[in-house]
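Some structures are shown below for you to check.
In the two complexes below, chain A is the common chain; its partner is chain B in one and chain C in the other.
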Partner chain A sequence: MSGGLPMSNHPPVPLLDIKDLTVEFSTRRGIVRAVQNIDLQVAKGETVGIVGESGSGKSVTSFAVMRILDRAGRIAEGSVTFSGIDVRAADDSQMRDLRGREMSMIFQNPRAALNPIRKVGVQIEDVLRQHAQADSDAITSKAIEILDQVRIARPRERYHAYPFELSGGMCQRVVIALALACKPQLLIADEPTTGLDVTTQKTVMDLVTELTRERGMSTILITHDLGLAAVYCDRVVVMEKGHVVESAVSAAIFKAPAHPYTRKLMRATPRPGVGLRDLLPEEALPADEPLFRHARPCAGHPGLGNDTKDVDGRDKPGHDSEPLLVVEKLVKEYPRRGLTTSLSKLFQRGPAPEPDVFRAVDGISFTIARGESVGLVGESGCGKSTTSMMVMRLIDTTDGAIRFGGDDIGAIPAKEFATLPLRKRIQMVFQDPTDSLNPRFTAARAIADPILRLGDVRGRNAVRARCEELAAQVGLPVELLDRFPHQLSGGQKARVGIARAIALNPDLIILDEPTAALDVSVQAVVLNLLQDLKDTLGMSYLFVSHDLNVVRLLCDRVIVMQAGRIVEQGATGRVLFAPEAQYTRDLLAAIPHPPV
Partner chain B sequence: MSEAALPKQGVHSSGLAATLKHARYIIGENPVTGFAFALFVLIVFAALLGPHIVPYDPLASNTAMALKPPSRAHWFGTDQLGRDVFSRVIAATRLDFIIAVFSVALVFLMGGLAGVAAGFFGGWTDRIVSRIADTIMAFPLFVLAMGIVAALGNTVQNIIIATAIVNFPLYARIARTEANVRREAGFVQAARLSGNGETRILLTQILPNIMPIMIVQMSLTMGYAILNAAGLSFIGLGVRPPDAEWGIMVAEGAAFMVSGEWWIAFFPGLVLMIAVFCFNLLGDGLRDIVDPQRRT
Partner chain C sequence: MLTVILKRLLIAIPSLIGVVIVTFLLTRALPGDPAAYFAGPAATKEAIQEVRVKLGLDKSLPRQFMRYVADLAKGDLGQSLTTGQPVVTEIRNRLPASAELTLLGLIVSVAIAIPLGIFAAVKPNSWIDHTCRVMTTAGVSLPVFFTGLILVYVFYYLLGWAPAPLGRLDIFFSPPPPVTGFYLIDSAVAGNVETFRAALNQLFLPAVTLGIFSLAPIARMTRASMLAVLASDFVRTARASGLTPFTVVVTYAFRNAMLPVVTTLGMVFSFLLGANVLVEKVFAWPGIGSYAVEALIASDFAPVQGFVLTMAIMYVLLNLAIDVLYGVIDPRVRLEG
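Now for the complex of A and B:
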């Protein structure tokens, strides 16, 4: 059970008082207790972080406070008191008044939280009108004023913008504007910056902190990111499987975590000065496992130890001197089109007319040596995904060359490349393990797909044996091979995706944010797995990520991209510890770190 | 790797057994689905064995027994020629079922595949398929079916073709939308990396994923196809007397309603209604069974 809270630090009547709360869901397999007997107090003006991995019940707690649990869920025990009102007993009209005016919420996906077919300004007006916060004459100017408060540039123009016309960070600002429009006393931010770039995360979080402090509001910040909680919260509550396992002032919790689960979480969080192996829990470290021969104490030995020997004799002689992959002056242009552009030309509203093509990737050059892992880092829209898709030969290039093992694969149309033998030498691990598995294929069928199409293993039993071998290699229990993706956990699905990518012994694997959708403890295991596989199989990695902390752990070299160009590239240690470009410095500065 | 020697525990759970177990669960959870399935089995049974199990020859007339009300000997009464209505209703199941099954299979092959291709490939394929669908939808559908049968000739085969054409836009549009949203899904990209050509991706990745919704649609269309065939027969286009078919029996019996011989039209109409109802209920139950997301 949870330890007692240090009540003496807080005023006698907290703004939000959760006592002995239990939330149940009735499912096909009977009743599931998502949250069990938790206690939580939030004082006026306080910021409390609820930290935990997926399934810990942190979101369910906040839904119970707002009483927006779905039909299957109900508050089974305990009480929730918000500024003297018993939330559990309040009737629906009372709750409608409370929501939005007294407590409001910021959701994870800002685009999903906004109505796509209404102008953002009008959506703010809706909230104001709903809670009778402004009369109809002044409502437009009030909405513009609110947009201005959340630091949206040119609020008068943005008032007319639709959500799809705004970037993710801008959308989240609009959501914050909506949440704060009626000056609530409590703000619940449920993973408000997941999916946003680090620099955007910093500005959004700074904005939330500033606005809530100005107005003396209380905030509950729900996050899986310990660093974020450490930087922005006064107090942190750690949840695991529906229980509160630890609750303390944030400085204290990071200095001396009391509960083993908190220690495990902290250990698994990538942070400076820590190697890949350090992320795994202590008990999982076998004494003399061969994997640890390759353990690197810290990312400071870039470019060394690149195995240039042939992997399994497939390589053509004579190309050993040239790197595995050479990308030269690569360009991808997209035509600009759409109603908005032509309309803004017509009415001179919005930004000035732009050229007819958009350069997503603007003449970049880099190389990857055999056995090397290279990180491709940048924020969303910088062209890193476009680059990886071109190298992957899933989309065609506009200009430039991609030479792979001596062949100019950039010249081969993407459609034809799919069935060429070369295909099997470049594979990819996708960002979203759920989306990248066919929901109607079992794990075994998914792993077998490349083997059946391009592999040289024939016969039902031989293919099955190969699948089991691959499953063992990626640490997927063999009995899970006959399950469908929805019967597997996120980590297991990631393993299936990795097994599929290595099934053909490729020379190069592109890892597209392979751990972005995973919990930190799972991420730690998957990153270690990727390192082990590279050591055993001698592949090269192109690791596409926005997370510099993760890139540092796995990569020998780093390429930093911004707006379609490379702003900096070099050895990991050099780029991350002595960055030359201002942009790299900004990126590094924006990462929240727990105090060590 | 050291883990390579993991014990091989993965016993291949037979796909069929798992499906049956799942179907049992779904039917247990929703008795209406169970009822619809029972009815469906009954319809299939009647379609297969109908002519062999009926008490009287459905075509044999006996003017001495004409227009007799329902009795122990003739459960549904007899018609103007003295034919047993019960025997005719049962015997008609085969013809109506054949029309329904074949027209649905045909429209799935035409509309479903054209729609999936349109949604997946886009471009010209999409334009052509969509315009064909639009053109068909510009006609009043029953009138179009009438026209097709009138032009091609009054045969069962042409009823099937007409019903399929009339349903084409529905299938094409559903399949197109479902394929379109999956076009750039991660698993489709992954399939490209695995060396699958575009056509193979269409058939092995996209099509299986839109089958649940197509199967529901097929079940609903089965009911519609039976109604359509009955309607065509009712107005004299389609199955010709003396063949037994529900629509034509209602048409023949309608003339006698006024004089009080209600049973001639009532019983075929009732069975027609129950059959259509059954297919509609079945649609919902099927969706739950074929959707792997519901399997736990």
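Now for the complex of A and C:
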């Protein structure tokens, strides 16, 4: 947090001084300069945020400071001085003493950052032993003490836990414990909360702030989230494509961003008080944006829009007679794992006894009207994904009904549903744009996949024409259709995923965190694209997300879920600005906002 | 843990039944008439028929099968027609010979391949990586009878360091009192240093031959698996915590990289156990592989069936042992019983 007067109490010599640093990677396509001639200083006790989108070189900078670059990477130019030590010239054993003891790092994806087959307590002991921080007989109690310091409940027990037995937030605490075990002077936090829920993010960040402040440590917070940087940093450095484009006190940078890139990032960050269109860069206002130019003409195109459904020969109930989707008392139970459960299931038919099942979704009811977009929010484990999978008919329900256009699709086993004509009326856009595309399919083949399997367009040329039409609709340049996923950018892959989902003119699209893996500027464009497609094609959306700011922009109504139940639902404005449930209020309060 | 092991053994029973049926049918489908073979080239039709009745081969297939299963239930695998010995006795005598040779061969290859794989992964494209590549390529591409013969030629014929490749023990020694059937262990138990040394001398060349052959899959798997683990996030965390390269590579990376290596080890072991016929031939080793091949050539059903069944049981036990080992290495596996 912007604590104190940063200028006055800093000693003249910074703790970390990066001068003219250039980092090169030798790749198959020659030498790539990931970081070019950057300067960065971190004073004692200061928290500096490095902000930028993927590929901006922010992580590479921190790896260079710790000298843990990959084999292919090397510091080509410049200097890194850490409390008087020339990091570039230091020998390996000197660096090992620095790492962990004087400067340490916490990482994105905490579960992967811990050794999966070593007890967390022992991993902390490894660090303590390396830096001779405790005698061998006192080392266990020291490790437990450190676990206690990062607010891990029952540390004595958790000492023996393996990472897979702990939640994501708990794992991140262990990683923090590892990093702070030897009381270093500098902590580098590389996207420490990406992938964690907002409330967990808040507790983790507050914990880091508290611990570093009470020890007078300096912190570098690397993040793509401007809000996070604004709330927790004294100073913010903005990086773009390996260059530092702007560096200023955090309060100032958000009030008056000087560099166009900073302005663009600021604009693209969803925040209260701005609409969907406000996210797009100034220079590309709606009329000039290619995706709109492509999308608009399709509005009156025959074969698209609402009249398609009539062509398909489905009888549509009259307007507003019944919502498109009605979910009633939906329940999904999973058996708890273990031999006794499976045995008892074998021997006694009927419902298993209560304690043996876990209710992921516990009797929820909601509706989605035609052309409406409904947001489904909640933290991980709340049952939102299970709900969306059931509505998508990928998994079977335990109880309750899912009525879609009058048919109870919940009663159809998921296996059979895949072959029914109903299948094409509910489609999905997945969370990870890369993993949800077959790496051996070209973009055109991926988009054509549902058409070939379920559609009525036949013949190579007709399918190709339809793909090109869809590509135009989602703003994907036609010449990219023959590329493979690895040759496309994240935003382009997201467009392919969306084109695939709308290929059969579905009535309902389930969007499972479609922008979670994208940079903010790309997210802004994709969200706008989704809104335009909905306006043009008249589909309904079920938008699953943990990001309330994004939900607010795209959805008419919001459903808030917690522990398998709906705690609140209603119009977006009402739920987000005058929440009734305490849980909704907690969620909203946990979101860091940049000062607007 | 015990329930998991029991469950796994129960699951293996259907596959063992399948093995019994298939081997029975396959041996019957083999070309050649065992009755004619054993009656001898000069036998008359009547004599062959007599042998056939004696062997029970005149009965229908289902009845032959019933008899086979009934014998099996009593622990009787039948009698070898060529040696006249019960198959159970022969297998009991020959299996330890093969197992001892294979185990030692595997130890030799693990001792070379795993460090080689680790070093190759830690320093890719260094001279040690290239050495690893050359050795593994040479290992798989040289047939075992060739390496075996070369070793015999060099170490026995030219240098005279190794004893004559004639079985498990020099004729001047008597086998140690049987405890495990492994001569090395038995002689050590008996405290007989001379016999131990003699047995080791005999074992050395064939074990090295097998070792060279099985080096490749183990070294390649270690290298690939280490490369993947070294690139993972937790290794970066360990480095960022200032742990020594030794701790990072051995404690953090290698233990995680061991899982696929252990699987490969199991496959290599079960493969070698039955398939080292050629090594057994070259070194006149009284093993189970050469026994099975001889029986097969002679259309001698009982030993072939016994061999396949023994191998199947060994394979089941070996896989079980590997799964238990998995659980020891990786706590995440223990949950999924």
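In this text, the second predicted complex is superposed on the first by the 535 of 596 C-alpha atoms of A that agree within 3 Å, B and C clash if a C-alpha of one lies under 4 Å from a C-alpha of the other, contacts with A are read in each partner's own complex, and residues count from 1 in each chain.
Convention: a contact is a pair of C-beta atoms (placed from the backbone, for glycine too) under 8 Å apart; a residue touches a chain by one contact, two chains touch by 3 or more.
Because the structure is a prediction, the values reported are computed rather than measured.
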Between chain B and chain C, more residues of chain A are touched by B
Go through the superposed model and pick first if A:T419 touches only chain B, second if only chain C, both, or neither.
first
By the touch definition at the top of the document, which applies to A:F107: first (chain B), second (chain C), both, or neither?
second
Of the two partner chains, chain B (first) and chain C (second), which one does A:L330 touch, if any: first, second, both, or neither?
neither
So, A:V551: does it touch chain B (first), chain C (second), both, or neither?
neither
With both complexes overlaid on chain A, does A:R453 touch chain B (first), chain C (second), both or neither?
first
Go through the superposed model and pick first if A:V80 touches only chain B, second if only chain C, both, or neither.
neither
Once the shared chain is lined up, is A:V127 touching chain B (first), chain C (second), both, or neither of them?
second
Quick check: in the complex, which residue numbers of chain B touch chain A?
1-13, 185-187, 189-198, 205, 208-209, 292-293, 295-296
Contact set on chain A toward chain C in their complex
66, 68, 71, 95-101, 104-105, 107, 109, 112-118, 126-127, 130-131, 162, 164, 175, 178-179, 337-339
Counting only contacts in the complex, chain C reaches chain A at residues 3, 7, 124, 232-234, 236-244, 247, 251-252, 255-256, 329-332, 335-337
Per the touch rule above, chain A residues touching chain B in the complex are 28-29, 289-290, 392, 394, 415, 418-419, 423-424, 426-428, 430-432, 435-441, 446, 449-450, 453-454, 468-469, 472-473, 475, 477-482, 484, 486-487, 497, 500-501, 532, 536
